[in-house]
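Reading through the structure tokens given below for one structure.
Chain lettering (A, B, C, D, E and F) follows the sequence in which the chains are written, and residue indices restart at 1 in each chain.
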Amino acid sequence: MSVMPVLLVVEDETLLHIAIEDELADAGYDLVFISNGTRAIEELHANGQRFKALITDIRLGPGPNGWEVAHRARERLPSLPVLYMSGDSASEWAANGVPNSVMVSKPFAMSQLVTAISQLITEADMRSA
Amino acid sequence: MSVMPVLLVVEDETLLHIAIEDELADAGYDLVFISNGTRAIEELHANGQRFKALITDIRLGPGPNGWEVAHRARERLPSLPVLYMSGDSASEWAANGVPNSVMVSKPFAMSQLVTAISQLITEADMRSA
Amino acid sequence: MSVMPVLLVVEDETLLHIAIEDELADAGYDLVFISNGTRAIEELHANGQRFKALITDIRLGPGPNGWEVAHRARERLPSLPVLYMSGDSASEWAANGVPNSVMVSKPFAMSQLVTAISQLITEADMRSA
Amino acid sequence: MSVMPVLLVVEDETLLHIAIEDELADAGYDLVFISNGTRAIEELHANGQRFKALITDIRLGPGPNGWEVAHRARERLPSLPVLYMSGDSASEWAANGVPNSVMVSKPFAMSQLVTAISQLITEADMRSA
Amino acid sequence: MSVMPVLLVVEDETLLHIAIEDELADAGYDLVFISNGTRAIEELHANGQRFKALITDIRLGPGPNGWEVAHRARERLPSLPVLYMSGDSASEWAANGVPNSVMVSKPFAMSQLVTAISQLITEADMRSA
Amino acid sequence: MSVMPVLLVVEDETLLHIAIEDELADAGYDLVFISNGTRAIEELHANGQRFKALITDIRLGPGPNGWEVAHRARERLPSLPVLYMSGDSASEWAANGVPNSVMVSKPFAMSQLVTAISQLITEADMRSA
């Protein structure tokens, strides 16, 4: 049984899975990768309580994009920390992001991902305390 | 010509217009009231630059609700300060609000409205400086 | 029936009740004053849900002081906004205050009280949304 | 003897003194007005401890401008709250302002002034506690 | 002579010392471990100036718990950064924590510890500048 | 072609370049080192758009110091993240730093550098979105 916090990472570029996994595992997280928006929403609605945070790319191929995944996640889990990874969609965050979310814009450093997700989870734990 | 900052207030309960106008005019703001979501979006897209902030109720009768008005406003004006006034829809903010927005939940004190909108506008001015 | 947010003010200097009442009523709040720490704790444990925030002086005559009142309040109501009014006890806040509380130090302006309590309540409503 | 917090306001447009005085006195502050940058710096260095905050216009006629006044004030009083009122110089704040300062851009609402200065003073009191 | 910032870690589960030491030494900190609340308070009162921050577990076996250690530390060192590591006591933080403290809830990622303590120390240095 | 964010580091103690490079490269950044204030300002004015942030020591030998470098950088790039590394000049930050800057005081942990710069860049990207 894992004793590390579990993150759901929604990313359709599977080549990025290894880089993200290396960095976040080293930081102390367990990761679950899903490449498709529809399946991500299903997983969040079925087993959302197991995840400490959601990390999602914006463009996700066919089906819901990252804005939609986060929107649907928050309907079920209002306090879920959300971090978007954005390439050319950064300018849409102000209109499409959820409150208290963070967006990192490509190219970003892996430490931006680690710092932001760690801070979001700590803040969420303090709010729910 | 006005030298006071202008706020767009989207509120379909016209009985509330006077209370809001009294308080915010006393705080130093000029107000434009619109009762309907569709017309609010049109006004924001046609003349958005004249408004320093958007204050919107959530339930707005027929047409787009307050979540949709703010979403559409931010597409055109990404840095527009947004404040929601919510009755029984407060729990939906985490899923439907835009980033950096503020929500006040009814019953709220008028000073919550004044403090929040004043702070949002000052922060937006500093970011765009 | 009141439709204004209700604040509990714990202050043993009854001469201050009028000044505080004038200012906070004008800001849109209903106030309940209690002069004694023991009775404040009883009221918070019996009817805490009716209060949107606690404002407390530090020195309260015989019985629990303001640090203790807030401490006991948070045991029952973990998300209750807390604002301390302090005269010569300001330096003790870092050791005795509760998390996410605000302290105003005498002499303070009434607008410090209004701004701080309005912001605390709005933030608490957004966290619990 | 005053029991209200005292603010130093540096503003060379004396027509604005009355509007600012009305608003900030109503908010609970005592004001000292100085119209000239050189004299403001002298007063801050001679009697700086009496002021809870500095409010300064940017353009001040002959002598030091508002950026310079705040810079010199912080050399003597590192924790002094600083609020700039800016007309057409807002874009210079990112380069010329001091840390933890606030800028309000004309046209601004008087409540922006009151909210910002009240919050800055409360935060400074909590840091020095 | 060390040129790394020194942290006091109060933790009675000595099996955790190695994991914490590995992570925080790698992040650039020197650590002093104490397993007992009474001795931690003595050390903080005798040599508190050498520590840049306090990290404390809540449950500490016989003697003062982590809430009490931080409370006593802040009496002597009001600006000391405080980080709590909590297992099943997280819900007590809102009542028992000190202002401006951070709490990480088990299971937490080591990067939550590093990010939070690094940010607390930087903020404290900027406040005391 | 690099796909990592590029930082400009202004530091005249070249012995420190390796330690900083090791840490920040590991965190995911590309670095450009300049040892002299005058050349740093020239580079920022000529090629400023390539840098995601400025990290600067305060004391820089002959020519402009770190305060001046950041000041000049922000005239051209108002939203550039700025991080100061300070030895014995920390107390001058409140008077000489630019708004929204961060200062780390020696001795600091490398994780303070990484956490602060990562957070500043993410915040700047969200503001400009």
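The rule is simple: a contact is a pair of C-beta atoms (placed from the backbone, for glycine too) under 8 Å apart; a residue touches a chain by one contact, two chains touch by 3 or more.
In this text, all values refer to a predicted model and were calculated from it rather than measured experimentally.
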Expressed in steps between touching chains, what is the minimal separation of chain B and chain D? 1
Of the pairs C-E, E-F or D-F, which one shares over half of its contact pairs with B-D? E-F
Do chain C and chain D face each other with the same patch, meaning over half of the contact numbers show up on both, or with different patches? different
Which rotation angle, from 0 to 180°, best lines up the CA atoms of chain D with chain E, given as a multiple of 5? 180
Measuring between Cα centroids, which chain is at the maximum distance from chain C? F
Report back the single chain whose CA centre is most distant from the CA centre of chain E. B
Return the distance between the CA-based centres of chain A and chain B, expressed in whole Å. 29
Using the average of all C-alpha atoms in each chain as its centre, how far is it in Å between chain A and chain C? 38
Each of the following residues of chain F touches two or more other chains, namely 78, 91-94, 99, 114-115, 119, 126, 129
Could you pull out which chain A residues touch chain B in their complex? 71-72, 74-75, 78-79, 91-101
Under the touch definition given earlier, write down the residues of chain D that touch chain B in their complex. 90-94, 102-112, 114-116, 119
In the complex, chain A touches chain E at residues 2-5, 27-29, 114-115, 118-119, 121-122, 125-126, 129
